[in-house]
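The two complexes that follow have chain A in common; it is paired with chain B in the first and with chain C in the second.
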Partner chain A sequence: MNCLRRFRRNKALNFAVLIALCFLLILPVVAQSANAHPSRAGMLQEEAVADTSAVVGTDPLSEDYRTVWGMDSRVVVWIVAELHLMFGAFVLGVPLFAVILEVVAVKTGDLRYDKLAHEFTTLLSAAFATTAALGGLQAFVLIGLYPTFMKYLGGVFHQSFYIYALMFFGEAFALYLYYYSWERMKNHKGWHITLGVIMNIFGIMIMVIANSWASFMMSPSGVDPQSGNVLSHWEAFFNPLWNPLNIHRFLANITFGGVVAAAYAAVKFLGTDDPDEKAHYDWMGYVGNFVAIASLIFLPFAGYYLGREIYSFSSVMGNNMMGGAFSWTFIVQAILIGMLFIGANFYLWSGMQRIPGAERYQGYIKYINFVLLLCFAVWLTPHNLPLSPEEQIVMGGQYHPVLKYLGLMSAKNAAVNFIIISTFFSFLLYRRANKGELWKFSQQGNQAKIVLAAVAVICLGMLFWYAEFLFTLEPESMDLGEEKRQYFMFPAILLVVQMAVVVVGLFLTYKDRGELAQYICMGMTVFSGVFCLGVYGYVIMTQANAFLRNIAVSQFMMLLSCLIFVSAIDIFLFRKAKEIGGIAWGRMTTASQYILVLICVSTVLLIALMGFIRSGLREDWHVYGILRDTSASAFTPSMAYMGQVVGLIAIIFLGMISFVFWLGTGLGSKERKGAIS
Partner chain B sequence: MKSGFLRVSVFAICLILVFVYITHFLTEISGGDSSGGSAVTGVSPEAGEAIFWGKGKCFTCHSIGGRGSAIRCPNLGDSNQGPVIGVRTEERAAQRSAETGRKFTGTDYLVETLATPGAYVVEGFKNEMPLVFMPPISLQAEEIMAVITYLQSQGGEPDPAGIKLPAKMLAAASAAPEPFKPYLAGDWEAGRHWFYDVTGPAGCVRCHIAIDENGQETGGQVGPSLTMIAATRGPQYILESILSPSAVIASGYESELVITKKGTFIAGLAKEENDEQLMLVTSLPETLYVKKNDIEKRVPQPTSVMPSNFSELMSVQLLHDILAYLLTLNGEAPTAEVAAAP
Partner chain C sequence: MQKQKKPGMNIFYKSLITIIGIALFLELFFPYLSQWIAGSENPLPVPGTLMFMYLVLAGIGTLVYVASDETKFQEFKEPLVEMLRGREQKEGPDDKTHNHVRMAILVAFPLLVGWYVFNQSSPSLSAPTSLRIQHPTIPQTYEKLKNPFREASVEELEQATLEGRVLYQKNCRPCHGTKAAGDGPMARAFRLKPANFTDPGTIATVVESYAFWRIKTGAPGLPREASPWDSAMPVWGDDLTDEEIWKIILAEYQTAGVDPRKPEKLE
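Take a look at the complex of A and B:
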C-alpha cells in the first residue's frame, strides 16, 4: 500500500501515463486516416481532385506540408526527433546496466552496487516523463507538419503503433514498480531483478518497433516500388536495415546512458567538498564510464555492419554516404570518436593516480598515447581535398603521394582496431594497478581451468567459423573470377594462426604464464589484424575490391577473440591477488571530471551527427525510392548548417537533462545523502 | 555546487562551439556548400558533365582519369583499366559484338551499360551498378543521353543522334516525375498588375510581351514573348527563369557586349545587323543602332541581360502572384477560369 501511495503521489508518473494516453488517442486517428488512403497513388489522386475545386480558404486535406509560426518545418522535426531520441537512448540504456549492477550486488554482496543501481534508476524515473512528453510532441509535429507522409507511414505501420503504445505502458509501469519497490523487495532480490528484466524487455520492444519505422524510411520493403501500395506489413516491419539499426542503437544506448550518468557524477563530484560524497561520485563516474567504454568498443563494428547493409540495400545510398555528399561528415565523426577514445584513456590514466602501485605502469602511458594520436591522425586523414590547379602542381597531383593511402578504408579499419586494442590495454593496466603478488592459476582449481577452456573454445569456434567460410568462399558469389580465390587465403590463414595463439595462450596460462599469454595474444592480434591485414587491404582494393569487406570482418574476429580471451585470463590471473593498497576513491583530479563531461558532450554531438547522416542519406525522399519529398526543404543542408543545428540540439538536450536531474534528485538531496553514507 | 555546475556548463558550451567551428571549417576546405542543381540542360556533353558529377551521382563510383577519387567501379579515364572511355567504348563494342553476335557500336555499348549494367561487368569489379533511370536517382531520358554524350566526349566524338535508348528504359526514364507545386498560392490578378506596373519591383512588361486584360499583346522585345508561356513551360521552369535568368537562356536571346572604339560598353541583344550597322535591343525604351566602323569588339555573354536580383526585389508572395499570372498566358486573354484550372 505504501508503494501504491507513492505511486499515486508521483507527478512524474502521472505525467507519463497522461502522455501514454495521448499516444493512444493520436495514433488511431493517424491510422484511421491512413487506412482510408493506403496507397500513395490514392493520395495523389485525392489531392488532384482537391486541387481542381475552387476552395475558399485552406483545405487541410490538400496540404502535403505545413509550417508553424513561420518556423522551418524540417528543423522543427529535426530538433524534436533528435531530443526524443536522446532522452529515449538514456531511458532505454540506463535500465540495462542498472539491472546488471543489481545482479552484481547480489552476486558479490557489495551493497555499493545496489545503491548505485538505485541512484541510476532515480535518474531514470526523472527522465522518463520528459521522454514521453517529447515523444508526444514528435508525433504532433509530424502529423501537423508532414500530414501526407504520416498518412503513408500510418498506412504501412498502424498495427505496430498500437503495440508501441501498449509497450510504452508496460515500460512505464515496470519502471515505476521497479523503482518504488526497491526497499520493499530488498529481501526478494530475485523477484526484483526479474521486474528489472521485464522492464528491459519492454524497453527493447519499444526500441525495435520504432527502429522499424526509421529503417523502413531508408530501406522500404513489403511495398510495391511503383505505387507504394503495401504488399506485406511484416516485410515492411522486418526491412533490411531493421536489425543492423537495432544492434547499433542497442549498443549506442548503453554508451549514451553510461556517459550521461558519468557526467552527472562528475558534476556532483565537482560541486561537493564532502569526502564521502566525492568518493561516491568518483566511483559512480568510474562505473558509468566503464559501462560506456565497454559498449563503445563494439560500436565501430556495429556501425560498420550497418554501413555495409546500407550499401548492400542501395549502392547509391552507400556511395553517397562514404564517397558522396556525406563523406566529409565522417571526418567530423572521426574527430568526435577520437575525442571519446582519447578522453576515456586519459580518464583511466588519471584514475591510476589514486591507486597505490600504479606507478609501475606509468611508463606505458606515453606509448599508448602515441599510438592513439597516430591512429587518430590516420582516421582523420581525408583521401583528397578540393585543390586549386596551383596547389595540385605543388603537390604533384590531386592526391598527396603518401597521405592518399591513409584516406582509404583499409587504413581506417586498421587504425580503429589499433585504437580499440590500445584502450583495452589501458584498461588492463588500470585493473592490475594495485595488484601485488598473484595467486597462481594452477592453484585455482578445476573450475577456473574449465571456464577458461570454455572461453577458449568459444573463441576458437568463432575464428574457425570465419576461417572455414573464407577457405570455401566462391569468388563467383562476389562477381570475381576464379583466379581471385588466392586472395581469400591470406586472411583465412591468419585466422588459423590466431586460433593457434589462443591454444598456446591457454597452455601458457595453465603453466602459470598467464601474463605472457596475454602479451602474445595482444601482440599477435596487432601484428595480424592491424599491420598484416591493414597493408593487405590495399592489395585487395586493387585486385579484388569486393573482398575488402571480408578483410574487415576478419579483423573484427581477431580483435573480438583477443578481447574475450585476454579478459578471461585477466579475471583469473588477478583473482584473489594481494592488493598493494585500496583505491582512494574521491582523490581524482578536477581535470579527470572535466574529461567525463567532454566524453558526454562528444557523445551527445556524435549521436546527433549520426542521426543527421542516417536521415540525410535519404536525400529528397521521405521513404527512399517510394515517397518523394517535394517540400522546399528537399535538399541536403551544408555541413556548416548541420553543425549549427546539431550544436543547438546538444545545448537544448544538456540543458533539459540537467534540469530534469535537478528536479528528480537535486530537490531530494538530503534524503539521498543519507542513503550514500 | 552552483559554481561547479556553472563552470561545467561553460566548458560544455565551449566544446559545442568548437564543434560548430570545425563543421564550418570543414565545409570551407571541402569545397563549400555545393548544393544546387545544374544550370546546363539539354543533350550536350556540358549538361552530361554536370549530371555525372552531380545529380547522377556517377562520381561516387567512377573517377575519370585524375578527376574524382572513387575506386569502387572502373576509372573511365586513361588508366590501368584501359584508354579513356570515349576510345574504350569502341574496343568494348567489338568485344560485345563477338560475344553476342549482334552488331554493337561504341554508343550501343554505353547505352547497354546504363540500360542493363549486368550484361557486361568489367573484370575485378562487382555487378552492382544501379539503374540510373529508376528511383532513387531517376534520371530522365534526356539526362541519360546527356551523360552518354559526355562520356563519348572523353577522347571521342559526341554522337547524340546515334543514341537509341531501349523501350523499357525510355518508358521508365520518361515517366512523369512528381509534379512540381508552387510553394504558395498566387493571385493572378495581382500578378498581372505587377507585370504591367513599370514603376514596381517587377515591371516585366518593359522587356517581355504578354497579353493584357483586353487581349492585346504589349511589351518590350528584349526578352522572349510570354504570350504562350503557360502552354509551353511548367511552373518550376518559370520560377527558375525569374530567379536564375542565366541558368537557361532561350534560343535567340543570347546577349553580347559591344565595346566601341570610344570605350563605351553596351550590353544587349543583336536583333538585326547589316554591313553598316548593328541594331541592339537593351532594357532602354529606344532601340540602339551602332555603326560597325565604331565597334572595337563584340563579346558573347554567358549571362542573360535579364536582371538576376529579382529574389531581392520581390517578395515571395509577389513572385507567386506573377507566376500565377504567367500560368494563365496560353495565347488568349487571361480569365478566372483559366487561372483556376489545375
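Take a look at the complex of A and C:
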C-alpha cells in the first residue's frame, strides 16, 4: 500500500505512463498509413510533384513535406531526434550500471554501492518521462513533417513498431517495480537484481529495434533497389549496419550515463558544505567517471568497426565521411575526444592528491601527460592541411612532406591505442596510490592462481584465435593476389609474441614479480601495437589496403588482452595490501569537479556531432539509394551551420536534464526536508 | 648536517620556458629536420594552422599538468597575481625595478595583442588560407564501376597495362611525372601541385572507380567544396575513351608501386 501511495505521488512516473500510452496510440496510425507499400515508380512520381505540392499545399494526401510555424522541418526533426536520443542514451545506460552497482553491493556488503545504485535509479525515473515525451514528439514531427518518408518507413517496419511499444511498456513497468520495490525487497536482493536485469533486457530491446530503423536508412536491405518494395522484413531489420550501430550505441550509452551521473554528482558536490554529502558526491562522481571511462576505452574500436562497415556498404558514404564533406567534422570530433581523455586523466591525477601515499607516483604524471599530448597532436593533424598560397609554394604541394603521414589512419589508430593504454596506466596509479606492503601472490592460495591462469587462458585464446585467422587467411577472400599473403605474417607473429608475453607475465606473477609482469605486458603492447603495427600500417596502405582493418583488429586484440591481463594481476597484487591511509573522500579539488562537468558537456556535444555525421552521410537520401530527399533542406549543412545547431541541441539538453534532475531530486529533497522539519 | 635544498625556479617560468621551447623547436628546428627526412631542397616549415594547434595543445597540456596538483597550481599563480597586483611587501631593494618591469609588461602585452589582431584582420594582397576537401564525394553513377581489365585474363591484363603505360607517359607524365611522383616537367607551373601517386595517402586510399571519375571529369567535375578552381586537371573524358582511361589507371598504380583500394566486404 505504501508502495502504491508513493507511486501515485510520483508525478514524473505517472507522466511517463501517460506518454507511453499516447505513444502506443500513435504507432497504429503510422502503421495504418503504411499498409499500402509505395512503389519506387510511385515515389518518383511524387518526387516530381513534390515542389509544386508543397507550394499549393491543399491536398494533405499529396504532400511529401510540410513545415510547422515557418520553421525548417529538418532542423525541427534534427533537434527533437537528438534530444530524444540523448535522453534515451541516459535512461538506457544508467540501468546497466545501477544493476552492476547493486550486484557489487551484494557481493561486497558495502551499502554505499546500494545507496548509489538507488540514487542513480532516482535520476532515471525522473528522466524516463521526458524521454518518453520526446519519443512521442519525435513520432509526431516525423509523421507531420515527413509524411511520405514515414509512410515508406512504416511500410517496411510497422511490425517492429508494435513490438517497440510493448518493449517500452515492459521497461516502464520493470523500472517502476525495480525502483519502488527497493526497500520492500531489501532482503530479497537476488529477486530485485533479477528485476533490474529484466529492465535492462527491455531497454536493450528498445535500443536495437530503434537502431534497425536508423541503420536501415543508411544501409537498406531486404528491399528491391529499383522499386523500393519490401522483399523481406527480417532482412530489412537485420540490415548491414544494424549490429555495428548496436555495439557502438550500447557502449556510448554507458559512457553517456556515466558522465551525466558524474556531472550531477559534481554539481551536488560544489553546492554543499556538508562534509558527509561532499564525501558521498565525491565518491559518486568517481564511480560515474569510472564507469564512463571503462566503456569509453572501447568506443574508438566500436566506432572504427562502424566506420569500416559504412565504407564497406558504400564507398561514397565512406569517402564522404573520412575524406570528403564530413572530414573536418572528424577534426572537431578529435578535439572533443581529446577533451574527454585529458579530462579523465586530469580527474584521476587530481584525485590522487586526496590519497595518502600517492606522492610516490606523482613523478609519472608528467610523462603520461607528455604522451597524451603527443598522441593528440598526431590525432589532430589532418592529412590535407589548410595552407596559405605561400606555404603551398614552400612545401611544393598541398601536403607537408613529413607531417602528412600523421594524417593517415594508421597514425590515428596507433595514437588511439597509446592514449588508451596511458589512461589505463593513470588508473592503475590511482588504484595503487594508497597501497603499501603487498600480500605476496604466492601466499594467496590456489584459488588466486587458478583464477589468474584462467584469465591468462582467455587472453591466450583470444590472441591465438586471431593469430590463427591471420596465418590461414586467404588473400583471395579480400580480392588480393597470392603474393600479398606475406603481408599477413607480421601482425600474426606479433600476436604470437603477445601470447608469449602473457605466459611470461603469468610466470612472473607466480614468482611474486607481478608489477614487473604488468610493466612488461604494457611495454610490449605499446611496442607491438603502437610502434610496430603503427608503422607497418603505412606499408599495408600501399600494398594490401584491404588488410588494413585486420591491422586495426590485431592492435585491438593486443590492447584488450593487455587490459584484461594487467587488470587481473592488479586485482590480486593489491588485494589485501596494507593501506598507507584511507582515501579522504570529499577533499577533492574544485577544479576536478568542473572537469567532470566539462567532460559531460564535451560528451553531449560529441553525441550531437556524431549523430549529425551518421545521419548526414546519407546526404540527399531519406533511405540511401532508395528514397530520395527532394525537400529544400536536402543540402549538406556547412560546418558553421552544423556547429550552431549542435551547440543549440547541447544547450537545450543540458538545460532540460538539469531541470529534470532538479524536479526529481532537488525539489523533492527540499520537500522532504520541509516535511521532516 | 642535512643539506639545505635550494629553492628552484617557479613552475610558472618553467611552463613558460617549456612552451617557448616547443615553439622554437617547431619554428627553427623542425623545418630542417623535415628537410632532412624528406630529402627536400629547402627547409619545410610547420604550416601556420598546425603551429597554432600544436601550441594551443602545449598550453593546455602545461595547464593540465600544473592544475592537477593544488600546490603546483598555487605556485603557478603567484607570479601572475604578483604581476597584476604588485608585490605585497614593498620593502625589497629591487622593488622599484620590479615595478618598472611590471608596468612595462602590463603596457606591452595589450599592445602586442592589439598588434596581432590588427595584423590578422588588416587586408592583405595574399590569397586566403583555404580549407580543402581531400576526397570529394564520388557521384553514385561512378561508385559501382569496375575496371574491366581486372576481370580479364593475365595476358590481357598485362597487355592493357602495357598500353596504359604508353598512354600514361603520353598524357599524364608532363604533370604527374615519369615515376608518378607528381614531379613532371610541368608540375612546377601549378600552385597546387599534381598529385604524387607514390604517396600512400593519394590513389592508394581510393578505389579504381574513384580514379576513373577524377580522370574522366577532371577539375570541372569536382564539387564546389573541393575547390575545383585550385586544380588544373583536364577533362580527359573529352579526349580519351573509357577503355583508355581504365588502362591508364592500371598503369598509374603499377608505376607508383601501390595497389588500389579494394571495395571492402561487409562482415
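We adopt the following convention: the second predicted complex is superposed on the first by the 643 of 677 C-alpha atoms of A that agree within 3 Å, B and C clash if a C-alpha of one lies under 4 Å from a C-alpha of the other, contacts with A are read in each partner's own complex, and residues count from 1 in each chain.
We adopt the following convention: contacts are C-beta pairs under 8 Å (C-beta built on N, C-alpha and C of every residue); 3 or more make two chains touch, one makes a residue touch a chain.
Note that the coordinates shown come from a computational prediction; the quantities given were computed from them, not determined experimentally.
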- prompt: Overlaying on chain A: chain B and chain C, fit or clash?
  reply: clash
Message: According to the stated criteria, A:Lys366 is in contact with first (chain B), second (chain C), both, or neither; which is it?
response: second
- prompt: In the superposed arrangement, which partner chain does A:Gln353 touch: chain B (first), chain C (second), both, or neither?
  reply: second
- prompt: Can A:Val402 be said to touch chain B (first), chain C (second), both, or neither?
  reply: second
- prompt: Now for A:Val394: first (chain B), second (chain C), both, or neither, which partner does it touch?
  reply: second
- prompt: Regarding the shared-chain residue A:Gly323, is it in contact with chain B (first), chain C (second), both, or neither?
  reply: both
Task: Using the superposition on chain A described above, determine whether A:Arg308 touches chain B (first), chain C (second), both, or neither.
output: second
Message: A:Phe425 in the overlay: touching chain B, chain C, both, or neither? Say first, second, both or neither.
response: neither
- request: Determine, under the contact definition given at the top, whether A:Ala377 touches first (chain B), second (chain C), both, or neither.
  value: second
Message: Once chain A of both complexes is superposed, is A:Tyr538 in touch with chain B (first), chain C (second), both, or neither?
response: second
Statement: Superposing both complexes on chain A puts chain C into chain B at one of 23-31, 77-85, 95-103 or 221-229, namely 221-229
- prompt: If you lay the two complexes on top of each other, which residues of chain A touch chain B in one and chain C in the other?
  reply: 314-316, 319-320, 323-324, 328, 383-386, 397-399, 478-480, 541, 543-546, 619, 625
Query: Quick one: in the complex, what on chain A touches chain C?
result: 240, 308-309, 311-316, 319-320, 322-325, 327-328, 342, 345-346, 349-350, 353, 362, 365-366, 369-370, 372-373, 376-377, 380-381, 383-405, 407-408, 478-480, 538, 541-546, 549, 589, 591, 619, 625
- prompt: Along chain C, where are the residues that touch chain A in the complex?
  reply: 33-34, 37-38, 40, 42, 44-50, 53-54, 57-58, 60-61, 64-65, 67-70, 73, 126-138, 140, 143, 182, 191-193, 196, 199-201, 204-207, 209-210, 225, 257-267
- prompt: Which part of chain A faces chain B closely enough to touch in the complex?
  reply: 48, 51-52, 54, 64, 225, 266-267, 270-272, 314-317, 319-320, 323-324, 328, 331-332, 335-336, 382-386, 397-399, 478-481, 484, 541, 543-546, 594, 597-598, 600-602, 605, 619, 621, 624-626, 628, 630, 632, 635-644, 646-647, 650-651, 654, 658
Complex contact set, residues of chain B against chain A: 1-5, 7-9, 11-13, 15-17, 19-20, 22-24, 26-33, 35, 57, 59-61, 66-67, 69-72, 121, 123-130, 134-137, 178, 180-181, 183, 340-342
